[in-house]
């Protein structure tokens, strides 16, 4: 009944599901506080909102021109970006900063993004701060998106530019233009290929997978924080496979066949 | 009624996701069939929602203009609509639609041409950020020189692979092709593979949380 | 003549977009707004065509099941009215459900197990393979969040970050040369579509 | 003491000078070509061999996710690939995954002209229209082509097209040419074609995506072209000259001011020119 060639996948899946169950049970204990290493870029978000208020400029939030993917392998990154959107919305509401959200081109994701922003302002007790006209849509493609975002920086100014999500070749323009116009860049993407742009252009960067951990921390939700620990279990599993596999290969076993199970 | 807003949509999400996983892991045809149905729906749902973006775009431009009636905002309100009508109208009305000469002319000289420019602009923005970042040695406030290992690694990978891609250096810098390929196929693979695996684990954990019905962004947003 | 006019219009658009590198100006705004309209028109038209081909035609041919995704797609518009906006959760959740299922299924093998397998196999191919193994092990340790990066872990992370930075450098370089190509392409456009035809060359 | 704004303006002016020099550097070889030779790389050779090693009449699926804006980077790859495939007499199913693809592929085939290789539309090659597939769509295509595409680009039912008669899933495909412009999309091909079905896959993509494709080469993808440089290499190895050569020439001088600026920024601290 189980497809051959998927046994190991299933095993890894079971390990993660079991860890998920275990840590979700743990979250029921209100005294449970796991240690998570500090991610410096997180503090910078609050600092950037403060800077925006001081300079009387808006906070910009972007999850990428193609950051609204709901049905690809990058869906997790879309959801992670939404956790940051909720966080920045609450911070903006608390500090009285205007928030401009640059929507991705995937129209099917707009309901979710708009709902998250609306919910964030509502949660902070300032639903009146939500403005649909600050939800900016620029059509399809890096061209219109980067130009739309750049024009918005030029027209309305940029205090903090928080860019988190799925970024392709759109970010080298949006990040650099925000920098040139005096904005503070904080951001990151799980797409390794574009991390270089964030590392080079941001004042504070989340390197690759750090965005998942950081999203959990900003959410202050025990369930999301437990996700970091679940990931660590997965990493332990990876290290075990790497070490055991290398040792077995060293003694002449056919590791390729074993890992193809 | 509240159930239709939260619990049932979450159940739909979990059901769809779990069926697809079962299709992957099991040999039962039923799951494969249901998966086929769901995956064939995706392009239709996605494509049908396209008008939503147009509505948001026009609304935001209109409200911006209402709030601040300057020339820039007027341009943003009127010009996109004019070009929308020109392109959409040509595609819809002219015989041959997008294959017509008129549409091809618009497409080639405006859409495709200007589409390419934006990436050209990125050459300059990226170059300036690299000039700023790829500084291996800097001075600290006391005037002492500091070596920055990570900037050196970034520059090492960046400059060597750049030279490898430029014909001039391929010809006049012997070994640069092999060295560039080595950068791409050895240290890049080492670092890149780790990053790919870490990001994959992060994605799977978020995915399982989503199917479990515990992902706030999908459950709590109305 | 049509060709020269096309080339002239295209050249003016190129200059308008590039002018933002100098400073924000009205021509840049015009070019940007025009492209926004053109792009969304093309995108909308192609998607309408896609709906027509992939939903309407099958429905007319008797495959009534495609009414469901069509309705789900239309439900996304419920977002425009706050009293029924929750209906949009149905299409988005179907999309996320499919996306999550497909992602998990493929990621386990393609992004994790096969990568481990390849790393182990590489390790026995020589020095380069061992370097890859060291790179994978140390760079992976950077992504550990439940321990401070000190001691042995700290050393591993430092080495790992060097591998990560070299990888980022290579990525940067690939992009830089690509963008350079794009700039050259646009210069070729100006020459071939406008300057040479204008000069009669 | 300069203000932040003044310092920003000063550095921006410095960048603008470098940008202008790069532009001049690119322009010169376009008017006076240098004509330097091309060095071949392994992924390109393997890409080429994957096509030519297939028996004549094999079926190649081309997942075509082109972007019109990125043709400068990929046109040389496309033209050389189509010519190589047609020279070998393979059958081709093009399927369009981006909204630009139908126009781009039609324009490409006006240049290459399959009919000049003795090809007939419908029998030897077919073009399937645009559908926003994404990864789920790739999975669906591999499982059942007709669940995603009911007609070809001309609106004719797939059942009426001779080439598609016996083909409805990955079993009928001997090689997938996976063309994409979003670097991580290579994972879609790996996950939805290679992992479940072991379908041979070669990829054609942008220069920036090469490092991302490299971890999957040569075990999961058999070869890949990244960037216009690789397109030029394929032109050379396949003996099909195209637009790649002129691009290569202009890159030579265009990049030099950037390299000089990076060098200058690294020399500055040693000659006491560095500002705090």
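Each chain gets a letter, A, B, C and D, in the order it is written, and its residues are counted from 1.
Here is the rule we go by: a residue touches a chain if its C-beta (ideal position, glycine included) is under 8 Å from a C-beta of that chain, and two chains touch if they have at least 3 such contacts.
Note that the structure is a prediction, hence the values are computed from the model and not measured.
K.L.:
What pair of chains is linked by the largest number of C-beta pairs in contact?
P.N.:
B-C
K.L.:
Centre to centre, using CA atoms, which chain is the farthest one from subunit A?
P.N.:
Centroid comparison gives D as the farthest chain from subunit A.
K.L.:
Report the inter-chain centroid distance for subunit C and subunit D in whole angstrom, where each centroid is the mean of the CA atoms.
P.N.:
Roughly 14 Å separates the two chain centres.
K.L.:
Taking each chain's centre as its mean C-alpha position, how far apart are subunit A and subunit D in Å?
P.N.:
28
K.L.:
Could you state the distance in Å from the CA-based centre of subunit B to that of subunit C?
P.N.:
3
K.L.:
Two or more other chains touching the same residue: where does that happen in subunit C?
P.N.:
Counting only residues that touch two or more other chains, subunit C contributes 17, 20-21, 29, 31, 35-37, 39-40, 42-43, 46-47, 50, 54, 73, 76, 79, 85, 89, 91-92, 95-96, 98-100, 102-109, 111-112, 114-116, 118-119, 133, 136-137, 140, 142-143, 164-165, 167-172, 174-180, 182-183, 185-186.
K.L.:
Which residues of subunit A are in contact with two or more other chains?
P.N.:
6, 9, 13, 69, 71-76, 79, 105, 107-108, 110-112, 115, 138-143, 147, 151, 169, 172, 177, 191-197, 199-200, 208-209, 213, 231, 235, 238
K.L.:
Could you tell me which residues belong to subunit B and also touch two or more other chains?
P.N.:
21, 24-25, 35, 37-39, 42-43, 45-47, 49-54, 57, 72, 76, 98, 107, 111, 114-119, 121-128, 130, 132, 154-155, 159, 161-162, 165-166, 184-185, 188-189, 192-193, 195-199, 201, 203-204, 207-208, 210, 218, 221-222
K.L.:
Which residues of subunit B touch subunit C in the complex?
P.N.:
Against subunit C, subunit B makes touches at 4-5, 9-10, 12-21, 23-25, 35, 37-39, 41-55, 57, 71-72, 75-76, 78-88, 91-92, 98, 105-111, 113-127, 130, 149-151, 153-162, 165-166, 182-201, 203-204, 207-208, 210-211, 218, 221-222.
K.L.:
Which bits of subunit C are touching subunit A when the two form their complex?
P.N.:
For subunit C paired with subunit A, touching residues are 17, 20, 24, 28-29, 31-32, 35-37, 39-40, 42-43, 73, 76, 78-79, 85, 88-89, 91-92, 95-96, 98-100, 102-109, 112-114, 116-117, 119-121, 123-124, 133, 136-137, 140, 142-149, 164-165, 167-169, 171-172, 175, 179.
K.L.:
Hey, which residues of subunit B end up touching subunit A in the complex?
P.N.:
For this pair, the touching residues of subunit B are 21, 24-28, 42, 45-46, 49-54, 56-57, 59-60, 62-64, 67, 72-73, 76, 114-115, 117-119, 121-122, 125-126, 128-130, 132-133, 154, 192, 195-199, 201-210, 212, 214-218, 220-222.
K.L.:
For a test of understanding, state which residues of subunit D touch subunit C in their complex under the given definition.
P.N.:
16, 19, 22-23, 26-27, 30-31, 70-73, 99-100, 102, 129-132, 134-136, 139, 148-151, 155, 187-188, 190-192, 194-195, 206-212, 215, 219-220, 226-229, 246-247, 250-251, 254-255, 258
K.L.:
If we count contacts the way the header does, which residues on subunit A are in touch with subunit C in the complex?
P.N.:
It is residues 6, 8-9, 12-13, 34-37, 69-76, 79, 105, 107-112, 114-115, 138-141, 143-144, 147-148, 150-151, 154, 169, 172, 177, 192-197, 199-200, 207-210, 213, 228-229, 231-232, 235, 238-239, 241-242, 245-246, 249-250, 255-256, 259-260 of subunit A that touch subunit C.
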